[in-house]
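The following block contains the structure, expressed as structure tokens.
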Amino acid sequence: MTESVTIDYQRVLEEIALEVTPSFGKGKVADYIPALAEVCAESFGMAVRTVTGEEFSIGMSDEPFSIQSISKVFTLMLALARTGDEVWARVGREPSGNRFNSLVQLEHEKGVPRNPFINAGALAVLDLLMANTRVPGEVILNYARFLSGNPGITFDPVVAASEIEHADINRALAYFMRGHGIITGDVPALLEVYCRQCALSMTCRDLVRAFMPLAQGGYSDLAGESILTEGQAKRINALMLTCGHYDGSGEFAYRVGLPGKSGVGGGIMAIAPGKASIAVWSPGLDASGNSQLGQTALERLSKRMEWSIFGA
Amino acid sequence: MTESVTIDYQRVLEEIALEVTPSFGKGKVADYIPALAEVCAESFGMAVRTVTGEEFSIGMSDEPFSIQSISKVFTLMLALARTGDEVWARVGREPSGNRFNSLVQLEHEKGVPRNPFINAGALAVLDLLMANTRVPGEVILNYARFLSGNPGITFDPVVAASEIEHADINRALAYFMRGHGIITGDVPALLEVYCRQCALSMTCRDLVRAFMPLAQGGYSDLAGESILTEGQAKRINALMLTCGHYDGSGEFAYRVGLPGKSGVGGGIMAIAPGKASIAVWSPGLDASGNSQLGQTALERLSKRMEWSIFGA
Amino acid sequence: MTESVTIDYQRVLEEIALEVTPSFGKGKVADYIPALAEVCAESFGMAVRTVTGEEFSIGMSDEPFSIQSISKVFTLMLALARTGDEVWARVGREPSGNRFNSLVQLEHEKGVPRNPFINAGALAVLDLLMANTRVPGEVILNYARFLSGNPGITFDPVVAASEIEHADINRALAYFMRGHGIITGDVPALLEVYCRQCALSMTCRDLVRAFMPLAQGGYSDLAGESILTEGQAKRINALMLTCGHYDGSGEFAYRVGLPGKSGVGGGIMAIAPGKASIAVWSPGLDASGNSQLGQTALERLSKRMEWSIFGA
Amino acid sequence: MTESVTIDYQRVLEEIALEVTPSFGKGKVADYIPALAEVCAESFGMAVRTVTGEEFSIGMSDEPFSIQSISKVFTLMLALARTGDEVWARVGREPSGNRFNSLVQLEHEKGVPRNPFINAGALAVLDLLMANTRVPGEVILNYARFLSGNPGITFDPVVAASEIEHADINRALAYFMRGHGIITGDVPALLEVYCRQCALSMTCRDLVRAFMPLAQGGYSDLAGESILTEGQAKRINALMLTCGHYDGSGEFAYRVGLPGKSGVGGGIMAIAPGKASIAVWSPGLDASGNSQLGQTALERLSKRMEWSIFGA
């Protein structure tokens, strides 16, 4: 209960880095777009920020990487803050049991995506958000800058261009939902913003700052204000736990025991509610598309710190 | 942090009972077998047992009811204790995104059930357990008696007979898995034991005692021994969180924020790790097959006690 | 064997008209676009053209209607004539067992449509055809005019505009296939041509003339030349038999026993190989989207003329 | 029109045998049960029986083989003869678009099989037939003997025993349908009869005799009586055309152009309506489970004789 005073976080991170680095290169770097395929497979960074405002990090924690699907959490946070429960008229709250870009379930459920963290769900939430925003094109970028306190955050134009070129499956998802009335806005504009938010370049340190509100009941210590209600923060955590890692969500809950969200850029952010926010980056992915080393590092951190939400 | 001393649990339970009882009769009592359909829709009981050994209850907390799928947790606990990770060669750890008795995913994944809490998964785990037990026919009954410290627990022979008469879909699941080598034992014998375990009659009070090990790192205070490792207890909680309520698991995590397992008899057991085990019973079910009032009562209890694992 | 000499076709058509007209209004006029919903439900026309060049007709056989999916046969005929078996690298030859616009199977089979007569398949074939045509925008229109010998055929601009407005599901299909490399051209251009071909306005008489080549081994008596090989003509008939009526193909084969293709505009064209081509129009559809009266009329004609390909 | 007089069938069969035998060994002999796996891959036999009562054959046309799914045609013929359209309350008439033993569609359609020629459909029809028969255990055997005029036909006890040992997936299908009320009889008894009918040993010559009624409007020249109505015979042909070859039905229609039914024992029977019945046997199977050489031989025969029902 007094752990944050006595625990030497820095040393814990160093030990973990030592333990996991022998596994470099085991996963597979995302290669569906060239810009991601070029990332060095042996990159590794990790950061922790506690609710007491302390920050610890190791490795390439100040190196920006493509956050990809982690951006879906920004979209959901902002949409909930802006439109409240209107979100749930567009998207469900159940794990999908399918790959992140599957159309099968979408068809069975008349265009309503299972949850906000599969691609279809993120597109539906973004469409709602864009309809409730004055400058829809910059909405996620500005929010990421605000939450992390880093006005220098930008999206990688090469990655974004590459994403938009390889976005046909996502276009299919969007048009399918539009055909069912779940998406109402212009699809090309939606895809443009979606591809840019996936191409956001952020560091582990940016991420732990930006997601602190999920660790402390909606309160952002950087902004000095609550940007979500306590209930919203808790519920986003619940959704990340059940749906945050595509078809590997159950596995992540089982091994790490923390709410979190991964991206195919190799980043994972995780939340120890009431304790800390965490970010890790290592580009090699497992078969479900989640950072292999990242999960191992988080599993060890969660165990070492006794942060699992599933056990005393 | 000192809540267990000062909080008046009994009063909290009384308030919750007052709040939820106006909603009596909103759900639908399970009617796939006559014996369940006859249960009074307005039954309601709830019990809490804390890690300090205190017990509180309200309503019909000493009335036995059919625990149905809650028994799947016993099966998993015992199979993990007996055979360890061998369980995971038979069954996955991912939410299914389908109804509890669906064959669709089973076909796509060559007979390997997604998790131990859908019917197919429970059958596969039970088959493994029966192969590793001397008296397979009584294995779950004896375990339930041992864990709850109540040798008087028995299964309802009318419910069990009715189950076995209406078990064709489960038989189909079992034969399908046997055809894929996931189940290796005799199917009629397996179904017999499975139907009996679903027909176990237990009270809310029995349940909170029996599942205490999941709230305290595997340790059973009634038995005075650890019946699971800390890791196993945590992981069962993780699985209950992601998969414990059929196709309403995401919703339960979102609303209640606690690991738990429901049954179509209207019971739900939940775990506040490091704090308490909880059981509630109210036979009216929602569309996903989970007790409607039970979920509301748990949602209120979790909020009142700040027990959600997703927020400080 | 000498039936064409002695049979009074005109009288047969008159009798059928008398028999089926009491059933007017039983089906449901397509209403997914306003322009189709406005068609009079009691419209009825039918035409037969024999291999000896005789033509018979009844009712509104000179009234143009929206041929919709019947146009998929033009696309396939022309693509086979132009590119030969290259077609089969893009599309399969199996019945789908699903609705005409389903995405499910497309996902399981990596973007390859099951056959050329579901929407996805027609889009894939059209994409191939457009890549092998100098004036892709008019390719189907010109072909329909040529085959029917009617240069006055045009597409209905109101229907076409309405189609393009309601084409999101088809857009989804096209982008999905493009994401899998099955479609390589520009999707908006493809959709434009596809929606226009569906909006072709033709009469029953136009249709029986245009499809004569399928009744006489690829030879068009109007054009005075073979526009398909004998093998191609036979195989298009085989595909129409197994896949020509969406998820009602088995039923059509069972009842009518002739290869044919239906459209949601209420038209059906059918082929009695070696004997005649037939067209019928009645806008009321059954649950599978096929003209209800049209099927009944064809069933009676086939029986009366002993044209079923399944029995002596 | 006078072909049967002048065509030298025997020579045609000899030429086909010469042409196809170089392809021996290209397919894969069924090996899901040992008894089938032992069959010599280079076996080949073929027989034709015309409506004028002439019979021609080549190769091992008097060698009995395991007819497997060809037996489903007997079941349907007899069930239609006995119970008429009652059959269609149990089973659909549409191609399945799935493998022969799939459970997926069965689940989506509440236990109603798509057609009588997938395993589920054949089981449902057999269950109905057994409920309408005095000696259900021998019903198909006796019918096969009667139709072929060969009282010596029997089932292979080794194959039957092997089938029953490997019948878990079929058991799953049967129990699933029983759970949905489509099957009402005893499942073990049903499986027993089903496995025996699959194990029927018949020669090509037996088959062409037995299936003559489908080529001549329901009339059996061997029995000297009509065993089906003309309409029933035509409709069984229609069903075989759309559904007779599992997920290769469209391909068979495309290549051969005749109604037919295949079995994993390597046999195929086909019907040239009004002309002849045909049987071929060669154990090597293609990916869809249909005899590879058998299809090629039938394709050549159909072309040579101009028997395709799809072209003059």
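When the chains are written out, they are named A, B, C and D in that same order, and each has its own residue count from 1.
Operating definition for what follows: a contact is a pair of C-beta atoms (placed from the backbone, for glycine too) under 8 Å apart; a residue touches a chain by one contact, two chains touch by 3 or more.
Remember, predicted model here, so these are calculated numbers, not experimental data.
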Give me the set of chains touching chain A intersected with the set touching chain C. none
Moving step by step through touching chains, the smallest count that connects chain A to chain D is 2
So the centre of each chain is just the mean of its C-alpha atoms; given that, what is the distance between chain A and chain B in Å? 31
Could you tell me the distance, in whole angstrom, between the mean C-alpha positions of chain B and chain D? 48
I'd like to verify one number: the distance from the centre of chain B to the centre of chain C, where each centre is the average of its C-alpha atoms, in whole angstrom. 55
Touching at least 2 other chains, the residues of chain C are none
Among all the chains shown, which pairs meet the touch rule set out at the top? A-B, A-C, B-D, C-D
Chain C contact footprint on chain A (complex, rising order): 102-104, 106-108, 166, 168-169, 171-176, 178-179
Sort out for me which residues of chain A touch chain B in the complex. 1, 51, 92-98, 105, 114-115, 216-217, 230, 233-235, 237-239, 241-243, 247-251, 253-254, 257, 259, 273-274, 308-312
